[in-house]
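What follows is one structure encoded as structure tokens, with my remarks underneath.
Labels run A, B, C, D and E following the written order; every chain starts at residue 1.
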Amino acid sequence: MRLTPKVKKILSYYESDNPGTKANLARLLMHGHLAGTGRMIILPVDQGFEHGPRAFIANPSAFEPHYHYDMAIDAGLAAYAAPLGWLEAGADTFAGMIPTILKVNSSNSLYSKDNPPNQAVTASIHDALRLGCSAIGFTIYPGSDASLDMFEEIRDLAAEAKACGLAVIIWSYPRGALSKAGETAIDVVAYGAHMAALLGAHIIKVKLPSAHLENEEAKKQYTHHKIKIDTLADRVRHIVQSCFDGRRLVIFSGGEAKDVKSIFEDAKAIVDGGGNGLIIGRNSFQRPREEAMEMLDGLTHIFKEQK
Amino acid sequence: MRLTPKVKKILSYYESDNPGTKANLARLLMHGHLAGTGRMIILPVDQGFEHGPRAFIANPSAFEPHYHYDMAIDAGLAAYAAPLGWLEAGADTFAGMIPTILKVNSSNSLYSKDNPPNQAVTASIHDALRLGCSAIGFTIYPGSDASLDMFEEIRDLAAEAKACGLAVIIWSYPRGALSKAGETAIDVVAYGAHMAALLGAHIIKVKLPSAHLENEEAKKQYTHHKIKIDTLADRVRHIVQSCFDGRRLVIFSGGEAKDVKSIFEDAKAIVDGGGNGLIIGRNSFQRPREEAMEMLDGLTHIFKEQK
Amino acid sequence: MRLTPKVKKILSYYESDNPGTKANLARLLMHGHLAGTGRMIILPVDQGFEHGPRAFIANPSAFEPHYHYDMAIDAGLAAYAAPLGWLEAGADTFAGMIPTILKVNSSNSLYSKDNPPNQAVTASIHDALRLGCSAIGFTIYPGSDASLDMFEEIRDLAAEAKACGLAVIIWSYPRGALSKAGETAIDVVAYGAHMAALLGAHIIKVKLPSAHLENEEAKKQYTHHKIKIDTLADRVRHIVQSCFDGRRLVIFSGGEAKDVKSIFEDAKAIVDGGGNGLIIGRNSFQRPREEAMEMLDGLTHIFKEQK
Amino acid sequence: MRLTPKVKKILSYYESDNPGTKANLARLLMHGHLAGTGRMIILPVDQGFEHGPRAFIANPSAFEPHYHYDMAIDAGLAAYAAPLGWLEAGADTFAGMIPTILKVNSSNSLYSKDNPPNQAVTASIHDALRLGCSAIGFTIYPGSDASLDMFEEIRDLAAEAKACGLAVIIWSYPRGALSKAGETAIDVVAYGAHMAALLGAHIIKVKLPSAHLENEEAKKQYTHHKIKIDTLADRVRHIVQSCFDGRRLVIFSGGEAKDVKSIFEDAKAIVDGGGNGLIIGRNSFQRPREEAMEMLDGLTHIFKEQK
Amino acid sequence: MRLTPKVKKILSYYESDNPGTKANLARLLMHGHLAGTGRMIILPVDQGFEHGPRAFIANPSAFEPHYHYDMAIDAGLAAYAAPLGWLEAGADTFAGMIPTILKVNSSNSLYSKDNPPNQAVTASIHDALRLGCSAIGFTIYPGSDASLDMFEEIRDLAAEAKACGLAVIIWSYPRGALSKAGETAIDVVAYGAHMAALLGAHIIKVKLPSAHLENEEAKKQYTHHKIKIDTLADRVRHIVQSCFDGRRLVIFSGGEAKDVKSIFEDAKAIVDGGGNGLIIGRNSFQRPREEAMEMLDGLTHIFKEQK
């Protein structure tokens, strides 16, 4: 199997990484219906940890761990991401069928909001190897009083992952010393994405940013230099620029359940802005399977055909 | 000894585990009067750590550590669970007579309630091996400010246990940022059970849930989707569903001492809802031996005969 | 499950061992048709390593690894012993169905006879744990120029096995600085068995001894003190005496394929002499299954009914 | 990507392995033109270590390490196997394009024949991970006075490889206490293959056996039981049987350079006998590229179309 | 290449360091246009972590990580300093072209100001080695409630760095229990610099100090002893004196973006006061490249020609 020039180009950006890590990045980029395009759709199912099993009530088939592996494979997605127990429950049945990402830290909403936003480290690099994963996923909360600890956790895990030839994906979700609007403000999302890149992430996952500017100093700069942030595509472009000017893969989270039309609009904006794809959980598994497959098919076409 | 089809099926769900861990799960499922049924009754005696030896005053024979081994064996239970010292005091006398579970963390009620709910890790995997245990038991308190630390402790212990062929049982007891009623609310118990499964538990132990819904967002979902939680059997069924749709064993704690009739009703509801059994301490050892044996016998019949 | 007084008595002899090791010894002694009698029949299949797959030509079903697990279970034997790969090929399918013994060193007959008799260490204690084994098996060749190294290997492996709650079985086969007849001479077999016990074996496996006396000094002693070694039962009795006067389990190997009648005679002599059983490979799997089952059934009756 | 039923079946034989190792076995079985058939052609280039760079003189393009990666990919082979430096010289350029096998021990022909046949361990499991390999390859020389040491080396390396989710391939080449004809005698090759399986190999590589019988005892058995070893296909069938009756993959080495017609005949015999494929080095890279590609194409057709 | 007498002299001050560390110090002192002069200009780009990617808005070329390597090399600077991800993105392309300094801890401005000033440790000594760096950079905040922790972090990192032959640069920025003016007060900067030297720094980086005296006791002493602190050169001289009387290299940070003229004046004062150079980030990369190059050229001339 030859890599496409597009994928070769992307791999060349990861110039300090060993061939093992590059092979795993290649696996993510050469799998499923978007193989070779440099774009990817990933199915993440960490909502059970984050919000509890009520996440599966809207579509009870989703209580069953094989359901998600199955849908990700049938939809031709690039990868499936989940916490330890969820992967353990299907890793043997689906071995070799789709790249997997072990989410190695996990938040939960029973944990008091009086604490600084934080996650528990719930899996190890050795777990990722024995389960045959291609990458680890780790969430940071820039802005949280626990953020420095989180940065130090991912430093250690990323170093070990890279030495073992795994790829590292950072979910960067600013929160804590921020207004609610600030959490998705373009300056803040750009900052969170940049920090993830500086921490050594191969792939950066952020929320789609709004046009809000949180930081006063940033507001001055953006205004003075007339940075284009009016359309979603503009904002995606600025995030891509903030991730080493396109030298790191950036994917966007689908967010809360919403209608298909607006998801497709998001996808088009990601394509227009040069983003690398979508990591879309709730909008996939909280729909009946047929609807979800149709939606994922639609997304695949958008990511495949445009540009 | 051939495993029953039921037990074979259950073992097949633990698809990422090594044969050593499966053999220990088989030991738990093929021992005692319920051998082969996929159901189990376990005797836990960690009340001494949790509430002090006053737990044994109602039935002074229970001060003697051999008493519990003895009763568990005579009653044909699946296993006996206790903290380090309690097992050390009988492990030789009763070696080979009943599967044992080393409770590797322990709470105590002298520890100030001003601290976030927490337990001390009081035993190791090596202890479990040298004492001939089949599994370790570990309590998590989702909702506690100490919960992230507890998750990280069990991550490490579970990884080591699994590598050594032991099974992992998580006691999941939400508390901390919750109302008293919330600790046994159906949405909260389901959430706690799901987290235990995601942390990699083979067997999940929770309290029998009430019909209360603690979380506002959950309440909306349960109501909107008309989730049946009216009867105890309905609620057990929802917990089983929340544990990977039946791919993980779930057992329920007997709770505080109560009359035999209501214990039997609980057991019937567990059977009706598809739960895998009962872990019943105080109601066993705080009764005179004869009464306890009669009760355990009654429970065995319920678990054996129904469905 | 209560241990029988016989098994309780035997376990009491292993007074320095931890409860984990005793539980595994109990497992061997409480499994299969001879459970509780203090006697056992074990199926060993290490002939493939020792003589090559031609060992299976007489009964081609035996080329398949599940065949042996299956027969051992159906025949109600105490345990199944084999090298690493052979156990790996069935440990999951038969998890929890029969105690297994991992043979951790292996000889082979391609290795030049010009070298001192020796075996390679081909598995680890960690392998035994992950495969759910109850014991490790290790061969020593007292008399070989490599024997001191072998003693030191089993010293290390036994220490680790015991710390992890596993039992240790030593196959003691004197050879090297001995005549062919000397290898099974009563004084030599007794010496080899005693060394195995001194090295810390829980169970000692030797060949059935002949009345030959190899060592001149020994011959004088045996003659002078009128040691009874005329009948096989006498010799078995002397071996049992040499293994801490009955405080260690001793089992005898079946040796080369022979007729059923003489195997039964051997078994009766073992019973008469107070030996603990038979470890019988070639005579089991080199016969068609039905014949083998009949023979094992016959042996079981001999071990069960006599005395 | 769904696995074919054939590949699913093969993976089910590796029942003690973790999902990581199974995913890597799946990678080998689902790559290239023979993906999904359960058969594979592997390109090994360890001749440079074994015989020196003169191995490349017949086709000087082969001096360049990228040449081999390139040919293996273009020919749609299952994998490419080579020693450390040879893989290091191309692992980045070809990352993600073809499964690779790190040969972790290496022989050389400058080493005096007065020594027992042996190889140096020349790479580690960590090397395999950082280079993105799917498996390690290791040669044993059953019959050599160094064989016990080699067995102990692969025991350690295989345990570590399996824990890290890698597959293990053993090259089993009996030599040492054997006649030249004996090295490829059917009884000896079967024995070597069986030992590799017992040592825990996932894939076993042997030479195509002759009808010669080396061992006197074996000769009696084979003759007495009328084992069919007349045709090459018969002999392949016996080797497959000797590898756990088909529960382990067996591939055959192409051997010295020879004409294409006889290579094709070998391949047909492998197919007829139920072997899993060919590992063909010298016959691939000692021909001009075009000729080699044509030959590999021919082999692919034979493995794909027959039966 | 011979070292100049000046550089030889400087190296002689590091008398407890191993030759590896000295070789790396020599690399910094013998590279670029100022090679051999004992002075250096370093380009640091850690503003992305500290203030977010908005730092690059004024000069969008600076979003691209290669831009900085490139400019540092073209300007003939002594070294380039940056956090992990930023170096990883160019370390291969520019390997061997310029000494690099891995900034191993990082601050960020999303972290609440309610916390004591602190930084996360975001890279390791192993990272520095694998990326081919000559030194590590570490920030301390003397005066912060987190300062003791920071001192202990650099103690560990410095010890490991020195053992591996790397040089250690400490950025010493007093803050916390200080007035805003106090952060650059001459007594405070001198104190911070001295602590860095005492912590084992080879090179100390501080801000250019003001004539303000923060500490009352210090003020008395400075006044009483008529310490000259009127001109910037005087104050630089006092800092150099505070760094072991010139036995440790001291470099000054350029601070916020300002006009070229005042930068040149700063540089002249550094030369006059005996400082060893400038570490100038924002003033380099927030200008268009041509302007920046001109400025760096000007600085080089000042450091080269004077004295």
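By definition in this document, a contact is a pair of C-beta atoms (placed from the backbone, for glycine too) under 8 Å apart; a residue touches a chain by one contact, two chains touch by 3 or more.
Note that this is a predicted model, so its numbers are computed, not measured.
Annotation of chain D and chain E: jointly contacted by A, touch as defined at the top.
Shared contacts of chain C and chain D, meaning chains that touch the two of them, come down to B. Interface of chain B with chain C: the two copies contact each other largely through the same residue positions, with over half of all numbers used appearing on both sides.
A repeat of the A-B interface exists among A-D, C-D or B-D. It is C-D, with more than half of its contact pairs matching by residue number. Taking B-D and A-E together, the pair of chains sharing more C-beta contacts is A-E. When chain centres are defined as mean Cα coordinates, C lies farthest from chain A. Chain B and chain E, compared by their mean Cα positions, are separated by 58 Å.
Averaging Cα coordinates per chain places chain C and chain E 72 Å apart.
Centres computed as Cα averages put chain A at a distance of 57 Å from chain C. Remark: chain A and chain E have CA centroids separated by 36 Å (rounded to whole angstrom).
Within chain D, contacts with two or more other chains are made by residues 15-16, 18-19. Of all possible chain pairs, those that touch are A-B, A-D, A-E, B-C, B-D, C-D.
The part of chain B that touches chain D in the complex is made up of residues 15-16, 18-19.
Interface residues of chain C, counted against chain B in their complex, comprise 1-3, 7, 11, 18-27, 29-31, 73, 91-92, 95-98, 126, 129-133, 163-165. Contact residues of chain A toward chain E in the complex are 13-17, 142-143, 145, 147-149, 151-152, 155, 159, 174, 176-178, 187-188, 190-195, 197-201, 215, 217-218, 221-222, 225, 227, 241-242, 244-245, 247-248.
Listing the residues of chain C that touch chain D in their complex gives 48-49, 51-54, 57-58, 60, 63-65, 83-93, 106, 108-115, 118-124, 126-127, 130-131.
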